[in-house]
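By written order: A, B, C and D. Residues from 1 in each chain.
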Amino acid sequence: MSHNTFGHLFRMTTWGESHGPAIGCVVDGCPPGIPLTEADIQGFLDKRKPGQSRFTTQRKEADEVAIISGVFTDEKTGKQVTTGTPIALEIQNTDQRSKDYGDIKDKFRPGHADYSYFVKYGVRDYRGSGRASARETACRVAAGAVARKVLPGVTIRGALVQMGPHPITRENWDWGEVDENPFFSPDPKVVSHWGEYLDALRKDGNSCGAVIEVVAEGVPPGLGAPVYAKLDQDICSALMSINAVKGVEIGAGFATAAMTGTENADRMRLGDDGEPVFLSNHAGGIVGGISTGQAIVARFAVKPTSSILTPVQTVDKAGNETDVSTKGRHDPCVGIRAVPIGEAMMALVLADHYLRHRGQTGKG
Amino acid sequence: MSHNTFGHLFRMTTWGESHGPAIGCVVDGCPPGIPLTEADIQGFLDKRKPGQSRFTTQRKEADEVAIISGVFTDEKTGKQVTTGTPIALEIQNTDQRSKDYGDIKDKFRPGHADYSYFVKYGVRDYRGSGRASARETACRVAAGAVARKVLPGVTIRGALVQMGPHPITRENWDWGEVDENPFFSPDPKVVSHWGEYLDALRKDGNSCGAVIEVVAEGVPPGLGAPVYAKLDQDICSALMSINAVKGVEIGAGFATAAMTGTENADRMRLGDDGEPVFLSNHAGGIVGGISTGQAIVARFAVKPTSSILTPVQTVDKAGNETDVSTKGRHDPCVGIRAVPIGEAMMALVLADHYLRHRGQTGKG
Amino acid sequence: MSHNTFGHLFRMTTWGESHGPAIGCVVDGCPPGIPLTEADIQGFLDKRKPGQSRFTTQRKEADEVAIISGVFTDEKTGKQVTTGTPIALEIQNTDQRSKDYGDIKDKFRPGHADYSYFVKYGVRDYRGSGRASARETACRVAAGAVARKVLPGVTIRGALVQMGPHPITRENWDWGEVDENPFFSPDPKVVSHWGEYLDALRKDGNSCGAVIEVVAEGVPPGLGAPVYAKLDQDICSALMSINAVKGVEIGAGFATAAMTGTENADRMRLGDDGEPVFLSNHAGGIVGGISTGQAIVARFAVKPTSSILTPVQTVDKAGNETDVSTKGRHDPCVGIRAVPIGEAMMALVLADHYLRHRGQTGKG
Amino acid sequence: MSHNTFGHLFRMTTWGESHGPAIGCVVDGCPPGIPLTEADIQGFLDKRKPGQSRFTTQRKEADEVAIISGVFTDEKTGKQVTTGTPIALEIQNTDQRSKDYGDIKDKFRPGHADYSYFVKYGVRDYRGSGRASARETACRVAAGAVARKVLPGVTIRGALVQMGPHPITRENWDWGEVDENPFFSPDPKVVSHWGEYLDALRKDGNSCGAVIEVVAEGVPPGLGAPVYAKLDQDICSALMSINAVKGVEIGAGFATAAMTGTENADRMRLGDDGEPVFLSNHAGGIVGGISTGQAIVARFAVKPTSSILTPVQTVDKAGNETDVSTKGRHDPCVGIRAVPIGEAMMALVLADHYLRHRGQTGKG
């Protein structure tokens, strides 16, 4: 978790700006012998890719990943596998359109990292927000695809559970629906409503926030370590590192504040196999920072896209008061494309803790 | 953030169990030449100390801290100052009462780390929850007191803003009131109401959750680093590592999900001194993972105390279904004592990032 | 390897000054379930302890270690075992004699860290060299004793192979002799010669350097990771961190520079069990940064004790030229007591890499 | 220092195999605002580049570096400068010749990482040694060129001081000669002798080792931190991580073992400016793990190239005894090209410690 590196044993280092020649990452510490080709990664990148519907930015990026290192042919199987050495992944930037940044070059867009980068570094790549662009998250999704392969028997899925002020109806939850609509909604009944809401916002030059839920099933108990490498701590850290995220919660989350101890307690019984089962999952699968074997449930809130057509008051580098409106191609709700990113970050944390747990205890 | 160490340049490593002879921590990387005595630390420990009112556990711990290393007399001033070498802090455990743990020894208390520690490690110190006890947080408070001294001109304060389902009225906010009531409430009008609510819960053998807000003022702009050492990311990680925390948010947090881009934008103008000022602070002082100079605002949700007198269903180590009720001295609302802990974690993150920022940029 | 912490998965953080109330360390990341009592540690500390013969400092320290946390009774065996949580070890300082430091307080002793600490930190604990004292190495030895227990089937032994200009005769090497003489010499025939040499130096108010060899047998192949976590790299780092060490080598070390490729090649054949065996060990058991299964052999050079009675030219803090001679109780050859310290550092590196290798590959 | 990342605040992560499409690295944590173009890096790469004389491998690699991210035009100066975000550097592999690896594919070459990689990972890229190839060191040299720019007023230079059994005559040392001969020898008189020696070895299908010395002048005092981030410790770690290095020493190094305390003491006087000066530099510029302001002097021993034409006994993957001789284009003395690599590693360590020191103390 230093600078641009995430993870301890299973590590990802990302690099690149929105309008440079390419972006990429180095996945380090991956176990050897895992089958891995570009095809294993590309499907997840396609989910995140812009321009998939009218509800996301019209920037057209192929987002084709290339594996540059860290794999080789396994003689026994003839398959391309990981070698245990660093896996370099690279994605060319193909649709930068960096001709005109007149306004953004000198004005600080509220909600963007323009001002904070400028005061920190004194220089910034203003083209498409440079390093602060959500384009960096393509690398997370690519690395997350590798992380998934490290986790035997684990299923990680995400869904949009609130758009603007409009939540899903949880009774309608159907994982099968998530990939059938442009919002990754698990509730098919909310889709048309969300579409109308978002169309209206777009026409109005405005944007909205969202809440995403990520669920990991099949996670073995015992992952996570007290007291500063807690699994929920690292999941929160991972999700909070995604652009525009302003809140994270595990299990019942903020709602637990209003609960009593008797309401919140996840009672235990024995299952048919004689193993402990929990009668509820307010804990979200993690107690004392360590996984219990229940599904891990995390949610994160994404603020409304800061790039809006509606002019807002700001100042410029020269110290003048002015207004700024952000032209160009932007997602009216960046929360939508945050779904595969949230999944990827969950995968990265779990893969890292899986290896760390195995290191300390020999289990797994 | 590995195992029991928190931080990169300014680091804290904690150790100790609830019912061992002592607990302690090593604060490493502290700048030299900072005046530091036990008195600088003790006041913060006293705020966290149990037994201060009928609303917290009646365990009586003096919680007296001793500085064992890392300080020496500065010849010029005659004051005891930090030397730049590791500062070892130690607190003796004086009121363990570990005679009787019959029930807890073999039964997994729902919501406690009993089960997860057991499946991870195969052995656990069940006395007072061992390492999983909130007693560890005394070390955080002690280290946080050192961290505060590293941060010139920064004020870090916390308050309880919701107890169970009862929030404060934000219009009544008065920092001066926080230390005048047993709940660290900034709203004096809610105090008697909270008292009645908590008394009723206690009599009922029950407990409740809470929400704490921590505010850091005077933080220089530029702290934090993209993209995996973001300041908000590290604050979330720090707060989430506190026992019983289930959610964390920055600035407007989860509420931003329901906002539009025009509502959420923190508009900028020029202040009287010609420096940029923000007209609102939905961002909570952090944009793009970097501080802007505005007040940093974080909130975290604490679940209801899991140790309750009311029996709940569970299983034991031998694989039997049973009930467990937790006798002993427990806080009905652990959120109260989480206020100074949250402040300490904020201080630790800021001190670390202050040094890291100075390292990379030479500023500060 | 940050500040005062060594290791990644198996970590040690040390604290304390020579003349403070105590020194200690926190061993973090230890696997659970390993039997551990003070007796497992004390024997190694006794080897390092001063005052064992006339050839080491006459400072009398009991060096009794106390385990303060991280162990608990295993119900099945009744034995005290590690719990997987941080193991705090503490040693009281009992013989400080800090009354008189007049000379050392203001003068920079050549070869000591007096000047470099002063220019770095602006303040230093001059009593017994404070944090720069070799007393810190007692913590390494204690932590190393824990590390040994993590390594199944590994034997780590050290010996003094050169005192001043006088090397042992390698043909005389007998591990059984090492603990039978005050120098940890594996060559019984050199002992009386070394004794006379050191007696003469001591009478002369002088000191000498030494070379120590540490050998680890039974190390599984595969430990170490390219390219910046090489096993030999981390062993060198560990040994170089010991006070007064000025050089480190692995296997044939510096002698390989004068060899040809045909001389240096460790030829391979098949052993009786059909497993590869090496016909020589110039590599010292490590190739490409990874252990091969051969004995790991490291050597390190310790400079002559800087604390000598003979006056040498120096300057003081006030900026005057002066002479300094170091009174007090000092080892004429600090290399002797470096033997158990070198062993401990080897154990710490191997334990860390054993867990890291298990984490990444699942082996071990 | 984890896996393939080196450094803490100033960090380098390298990736790539000898015969993959490219190699590269990510330099993270670089201060912003430093002028940087490919030209600043290329000169150092050219020094390391193969095929410069008949004494190095005839592999022809252009080794042209491209900066892919982390730089932008500074508006004020019009120069391309670092932005504080990750600097991705990439070098295409252009002369792989990977058609024929028949022998090496299945046989373990003594002295190479063939066997150790195989037992660790179970799979390895045998083409040109894959990740274990010295080709990785081109990335170090590139990153080292960036590191140099972080260090104001520091000069880092290296030289070959021994080839096989033949050392230079130190009295002949002339830094101006180093780039005037194919061996980076500072002693012009030894050059023809070394040439004859190496020619003879090459004709004989053999190879030799070497010793390299690296000197850093102008290093500010105070860099390095006790006790596990000592400057000499990190320099040793850095140099030991270079392929084929078997020993490292600082200052007088192993020779100090044979010295007395009076001989070894670096006496101090006051210089003309009233600042302390040392009358000798046995310490190599580092005492107590902290720089003193004197020149930092390190030496490292490189073993003879393991790839030799002379057949040596070995075994193969199928478990047969056999012989192996390494055809192809190899350096008869890899120590020669290790000179710029050693300089680069010194620069990387100093840059990291420079930032860490500034972080903790505010100096520099």
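Please note the rule applied: a residue touches a chain if its C-beta (ideal position, glycine included) is under 8 Å from a C-beta of that chain, and two chains touch if they have at least 3 such contacts.
Keep in mind that what you see is a predicted model, and the values were worked out from it rather than measured.
Chemist: Which other chains touch chain C while also touching chain D?
Modeler: A, B
Chemist: When A-B is set beside B-C, which has more C-beta pairs in contact?
Modeler: By the number of C-beta pairs in contact, the winner is A-B.
Chemist: So the centre of each chain is just the mean of its C-alpha atoms; given that, what is the distance between chain B and chain D in Å?
Modeler: Those two chain centres are 45 Å apart.
Chemist: Per the centroid of Cα atoms for each chain, what is the distance between chain B and chain C, given in Å?
Modeler: Computed from C-alpha means, the inter-chain centre distance equals 38 Å.
Chemist: Once you find the CA centre of chain A and the CA centre of chain B, what distance in Å lies between them?
Modeler: Inter-chain centre distance comes to 27 Å.
Chemist: So which stretches of chain C touch two or more other chains?
Modeler: As it turns out, chain C has residues touching two or more other chains at 2-5, 8, 14, 29, 32, 84-85, 120-121, 131, 226, 361.
Chemist: Under the stated contact criterion, what part of chain A meets chain D in this complex?
Modeler: Touching chain D from chain A are residues 2-5, 8, 11, 13-17, 20-24, 26, 28-29, 32-33, 68-70, 72, 74-75, 81, 83-88, 120-125, 130-131.
Chemist: Going by the contact rule set out above, which residues of chain D touch chain C in the complex?
Modeler: Checking each residue of chain D against chain C gives 1-6, 8, 14, 108, 110-113, 115-117, 119-121, 131-132, 136, 162, 164-165, 201, 206-211, 221-222, 224-230, 232-234, 236-237, 240-241, 243, 246-270, 274, 276, 278-279, 282-284, 286-293, 301-308, 310, 312-315, 319-321, 335, 357, 361.
Chemist: Within the complex, which stretch of chain C touches chain A?
Modeler: 8-9, 29-32, 84-85, 226, 355-356, 358-362, 364
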